[in-house]
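The same subunit A turns up in both complexes below, where it pairs with subunit B and then with subunit C.
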Partner chain A sequence: MYIIKKGQVSRIAKELQKDYRMYGPVLEPETQQVMFTRVDDAADIDLGLPLPANPVKSAVFPHFERIMSYVYDRQDGKVDIKPDFDDAPKALFGIRPCDLTGILCLDRFFLGQEFVDEVYRNHRKNIFIVSQTCTEPFAQCFCVCTDSGPGAREGYDLNLTDLGGEYLVEAGSEKGKRLAEKLSLPKSDDSHMREKEKRIDRAVSLFGSIAKENKAWISRVVNRVTTGLIDEKVWEYIGSQCLECGACTYVCPTCSCFNIAEQGTGEDAADRMRTWDSCAYEGYSRMAGGHNPRKPVEDRRNKRFFCKLSYSQSKKYLRPGCVGCGRCAWVCPGDIGLPNVVTYIRREIQK
Partner chain B sequence: MSERNNTTIPEIATIEEIKDEIVEVKTFYLSFDGRKGGSPPEFKSGQFVMCTVFGAGEFAVSLPPSPENDRFHLTVRKVGKVTGALHDCAVGDKVGIRGPFGNGFPFDEIKGKNVVYVAGGIGLIPLRSSIMHVMQNKEKFGRILLFLGARTPQELMYQYNLKDWKATPGFETHVTIDNPVPGWDGETGFVHTLLKKKDVPVKDTVAFVCGPPVMFNAVIKELINIGIQEEHIISTLERHMKCGIGKCQHCSIGRTLVCTDGPVYTYRQIKTLGEQI
Partner chain C sequence: MNYKPGICTFCGTGCGHLLDVREGEVCGVYPLQNHPVSKGRLCVRGWNIHELLRTNEKIRTPLIRKNGTLMETTYDKAVGVLVDNLSKHAMADAGEIGFLASPRSSNEENFLLMKLARAVFKTNNISLDSDPGHRRSLDVLHRSTGMAGMSGSLEEISKAGFILIAGIDITKQNPIIGSEIHKAGRAGARIVTIDTRNTQIARLSGRFLQVRPGSYKIVMAYMAKVLLDEFLTDPDFIKKHTSGYDGFAAVIRTLGEADVAEKTGVPADDLREVARELARAGTAMAFFSSGISGFDQDTISYIYNLFLMSGKIGREGSGVNPITGINNLQGSYDMGIAPDLLTGFQPISDAAAVDKFSREWGVTLPAAPGRSIYELLSGGGKPRAMVVVEHDESIITNVNEIRDMDFVAYIGSFKNNFMDYAHVVLPIATYVEADGTYTNTGRRVQLSKKKLEPPKGVKPGWRLYSMIAERAGAKWGYGSPAEVMEEIARLTPAYEGISHRRLEGTYGIKWPCNKENPEGTARFNLEGSSKKIPFAPVDSSFRVPQSSDEYPILLLIGEAQHYWHQNNLMKKTNIPLREYNATLLLYPQGYVAVSPENAREIGVRDRSPVKIVSPYGSMEAMVQVTDKVAKNTAYVAYFVHDMITKFFLEHRDVLKRGEDATIPVRIMRV
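Our next item is the complex of A and B:
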């Protein structure tokens, strides 16, 4: 493992920029919001910023993308189909452990089931991930409840931990090791590792005083959500607060539902677009002809939390579908971010 | 990695013939441009494909042909934008096909059993593949019965096949329409009422049911009434689908995805999904 002086950490980003399209947290000047976004200059990335408002998934699972385009010449009877997969090398710099866990969930879901998602596989082909340990929680965090932080355990190429005057740089892959060697970073010793452990322990101890907004004792509700033994009234209460805006699914690091639609580019020619979709929308399960098996809003809400918390769904991610970032609670115009839903269900169980 | 190469990008097929079935329902016979002799990719009875109508979009549709000895075709009802665009297509036009996807009917498990088909209206379309397969392998099964219901005689699907099926020895066909009309001398009434009137085998029997939700529920009730077990009632479900490969999640019902775990389920499974059909 290696060490880099705090002022020098941008050297890693600059080196990556030579071969990769750069993504990282930046402060958006217009809105003063922290956004995870593509940057032209690696120097714009600021590791000291709090958790970005949007999840990191957009780099490997864009909000909106073309997956193929076609032109059909009806006269000549010729169809020209061009697949459009994005396999550009991308570096995700300075992502938090919760977001990294989100990417690992998507990996297992898109790549590890019966079928491999070709669009995702191409995105994921050449990704360099630099994660960073959270040495302090933020107000909305509850990753200690979901086992996805404050330190990253797997999935990164390099992991940075702020040790005060310097960063501990851990390589999690051959790729990461090669980069550290290329930059001739000085080697770390045991004391640095011990210091990292100390800082993670400290971060965990700070959850009680800093991360006050959300608590979600997921393990207590998984069984109930899986078996469906939850009073219908609880879902109705939750449904009554849902405005069907879909924001929770858009900011969720593990939500991966998508829609596919053709965007016409001429007569019998179109781009096939893949966009994020949300189970909150009424049209989500509506079939041609109008039959909608999941029309009531509480049925649709039920589905989202089943997806995040049930044992059957955890099998797809090899962990619960919630990574404890707290974004859904941030954005929900009602009061049904995941932590609150867990609370409502627990309250009902206790009764 | 999956072996198929058309999971994301459709392959091209040509419409060779179009047959009018009933009102708003047409059958499209297809040949595959990129394959030897235009033959389709290998598929199992009960699977489905994603069909692209260029310029309009893509929809999921069940496969009515038998995997053996049958021309490849899709039977499609005009219900929306994309199926409407397909209905506007002419012979010679190209479409895109992805698939086949889904599990298919469990023929290995039902060898030697009596087979009862109960179909309502266009519910016969997804069952046709199974019926053709069973007919072509009659010696492997016991009694074979078909109960078919439609609103009017004009809405009976696959009338040309019906004629053959009726004439096939060992194949018992019962057809009913909802209300008596002049010129119809067959049975009348809903299809589930027919089950009571006829001699339906109960022991060692598997029932295939497909049709609109109201008919489906009534038939299931009747089948259970006469003593057929829930795990011996087989149906194929329909859902809004976008990808066909278990990723877009639109077809989820409870913990299953219709595209990869289904579309064929037993009634016992359907009952435990915890959502309406």
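Our next item is the complex of A and C:
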């Protein structure tokens, strides 16, 4: 493990920029909104910014992208198909533990099962992740309920922890170690690790006074969500408030559903586009022929929270599908972000 | 930074978003957290707007019809043909030409189109596409408050103690406003929905009154009467701030109470309680649909008067709020897209206003008000040539008359089947490819900056209109949309203080913005003023549409709710199209929704074919059996081609009643 002076931390980003396309939290100057996005200059990344409004997943699972184009040659009866995978090396700099956990969930969904998603694999194969410990929570955070923060445990190449005047730099992979060595970073000692632990403990202790917006005691509801033994009225109550906008799934670091659509580019040519999709939408679960196994909105909401909170789904992700970032509560027009849903289910259990 | 701030341009809410623009393409969208209206939320349309902006279904080059086929040409040639044809007809009779403007165009574009019609081609025949129902709301509000726009404030919904939602499926039509109302309800506001249909907001309301079709006016009048009878009006407010109360009171006294329950379909006691809740609330807001389907003017006047007599206008957290369904519907009226209006609701009949415009433009403007294209097409005149901009619906009415015209020019960014009738097609840049301002339903004028280059060679609307004007001999010489706004500000009192420079980096300014209100106007305000505003004139006919033994079912026409189903922009997307077309897939010939009781009587089940017979005609559709409609009312979605182009044209007078439009019908099994 290593140490880097606070003012020097941009050296890591600058070094990465030589080989990687850089992504990190930046402030949109006009609206002062923090967005996690691609930057031309690593110097634009600001580690001190709050949790970005958007999830980091867009770097490996973009909102909207072309994945293939094809041209049909009528005369020869042949189709020229060109896959369009984005395999550029990317460095995700300064991501928070919740977002990192989200990527690990996506990995297990897209890569960890019998079917491997080529589009995702190409995005993912040359990624360098620099995560950072949250030494203070934000108002909407509840990662302590979902075991995804305030410190990262796995999945990073380098992890930074602000120790005051310096950052502790932990290498989580060979790649990370090589970079630290290349920059000749001084080695840390046990006191630094102890200081990190202290700072994580302090961050946890601050949840009560700072992270006031959301609480989600998810362990209490996993059993009920898994067995489905929840009064239908609870789902109807939740469903009645759903405006079917899809926002909760779009902002969720672990939501992985997508739609495929062909976009004509000429008489005999088209682009195949892939875009985020959402179980909130009625058309999402409609089958050919018109049957919809999840037609009422409450059945679709039920499905989403099964994905986030059931034990069956946790077996696939090796953890719950919620990472406690609080974004769904930000964007939900119906005020039924995951923390509120957990509250309603718990209320029913109490009864 | 690849995320660029902007405004969503689907509905009239005017939500803020960040567009992900990379290498000249829109790759995604994200809500804007600090936006005062949307506060980090978007709806299904807004979340997928990149699909529209990335569509290949754009018009990329000027086209001209040769031997029946549209062929590629240059702007120069196409504009030449357009000017020759319009001039020829305008010279013969300015009544022969007309302009059909789009409620999606920016303020600057619509202002220039208006100037083109009036100053260059000397006609006042300019009107808005997509039914000018908003006009009725504006007339009522303007007459009383002097402000032709929402009297309340979207940003103050959370401060309203009582919220009345009348005849608007608001969580579908303007979802983010619906969200704001729902959140206010969760925080303790009393939400009451009055509707013929059981909508989502009805289910989320503290009280829902399912009224009979055509009875909204009586509902409002009766509640006014309750306030009067039970001394629940705000007498101090009425005395200090209003005029004409006695006249209004005299009219509502004529309302017979005995048959209110029968006419409205809800117990009179329920209406009494709602009236009392309204009176006792410290602050209250009313929301109703304005635009695609709105109430008739009398119903709007009753809503307005009800709120005025209870003192719920002119203070924080209160107001009467018509909600526009299309992004710049409000702005289009602000820009004078109407046969009898100049900008900012200045009437053509006002000689001083006409004189101001004539001097600014250096021309003599036509003095008599014009007519709308649809009035002209349905027999009110003989339009021979017209210009259509960005037709919003993919269904076109009056096709035979349009086909018979000598000349049709279509101007727009996105392909539309109106092009089939056009002799000349001129592409313009989309809203992300040019600077422009848009005015939301809450009078908020917002600047949308250019974020990417238009397709090669495509001109922005303001440049194209300048080119047309100059070809016709006018000297315009605008250098940018900002210069157009400077002219708008000079001519329009409500926009006096608005400029692109002032709007840049802000979330907009709510008009009126002038010397008295340099920062704009949150709401129509009476607090601390001695201003008196009049009650709206109303009539005392309290008839409701009657069914008969022969035609026992009252058919409602749902326009607003299904507006997006046949919207031209929606057809260029994938996910929103899929969501809005779900109903169309299930019911390919359209559907008529009937109650389970009626379905049993007719002997049909869901998706059975039926014939709908009215005194004027008949059509076939499938039946949808649902408890969302009450017994002996049926509801037909307004999005099926044959219904709109054939059946409903026979009922045009009925349709003018908007949300209250009903047709007595008989429904039969086939």
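Assume the second predicted complex is superposed on the first by the 349 of 351 C-alpha atoms of A that agree within 3 Å, B and C clash if a C-alpha of one lies under 4 Å from a C-alpha of the other, contacts with A are read in each partner's own complex, and residues count from 1 in each chain.
Heads up, the rule we're going with is that a contact is a pair of C-beta atoms (placed from the backbone, for glycine too) under 8 Å apart; a residue touches a chain by one contact, two chains touch by 3 or more.
The structure displayed is predicted, hence computed values, not measured ones.
After superposition onto subunit A, the modelled positions of subunit B and subunit C are compatible, with room for both.
When the two structures are aligned on the shared chain, A:L168 is found in touch with neither subunit B nor subunit C. When the two structures are aligned on the shared chain, A:D117 is found in touch with subunit B, with no touch to subunit C. By the touch criterion stated above, A:V9 is placed in contact with neither subunit B nor subunit C. Using the contact criterion defined above for the overlaid structures, shared-chain residue A:P333 touches subunit C, although it does not reach subunit B.
Residue contacts after overlaying the shared chain place A:D299 against subunit B, while subunit C stays out of touching range. When the two complexes are overlaid on their common chain A, residue A:R286 makes contact with subunit B and with subunit C alike.
In the superposition on chain A, A:N259 makes contact with both subunit B and subunit C.
Seen from the CA centre of subunit A, the centres of subunit B and subunit C span an angle of about 80°, rounded to a multiple of 10. Within the superposed three-chain model, A:D277 lies in touch with subunit B and with subunit C [touch as defined at top].
Of the two partner chains placed by the overlay, neither subunit B nor subunit C lies in contact with A:L185.
Superposing the two structures on chain A brings subunit B to within 9 Å of subunit C, judged by their nearest Cα atoms.
Shared interface residues of subunit A, touching subunit B in one complex and subunit C in the other, are 259, 261, 264, 277, 286. Of all the residues in subunit B, the ones that touch subunit A in their complex are 1-2, 7-10, 12, 14, 54-59, 79-83, 92-94, 96, 213, 238-240, 242-243, 245-255, 260, 274-277.
Those residues of subunit C that touch subunit A in the shared complex are 1-3, 5, 16, 18, 20, 22, 27-35, 40-44, 46-48, 50-51, 54-56, 171, 175-176, 178-179, 182-183, 186, 200, 203-204, 505, 574-575, 578-579, 581-582, 585-586.
Subunit A meets subunit B in the complex at residues 67-68, 70, 72, 74, 77, 79, 81, 83, 109-110, 113-120, 228, 256-262, 264, 267-270, 272, 277, 279, 284-289, 291, 293-294, 299, 303, 306-307, 310, 312-313.
Chain contact summary for the complex, subunit A toward subunit C: residues 26, 28-33, 35, 37-39, 44, 53-54, 58, 62-65, 240-241, 243-247, 250, 259, 261, 263-265, 273, 275, 277, 281-283, 286, 290, 330-335.
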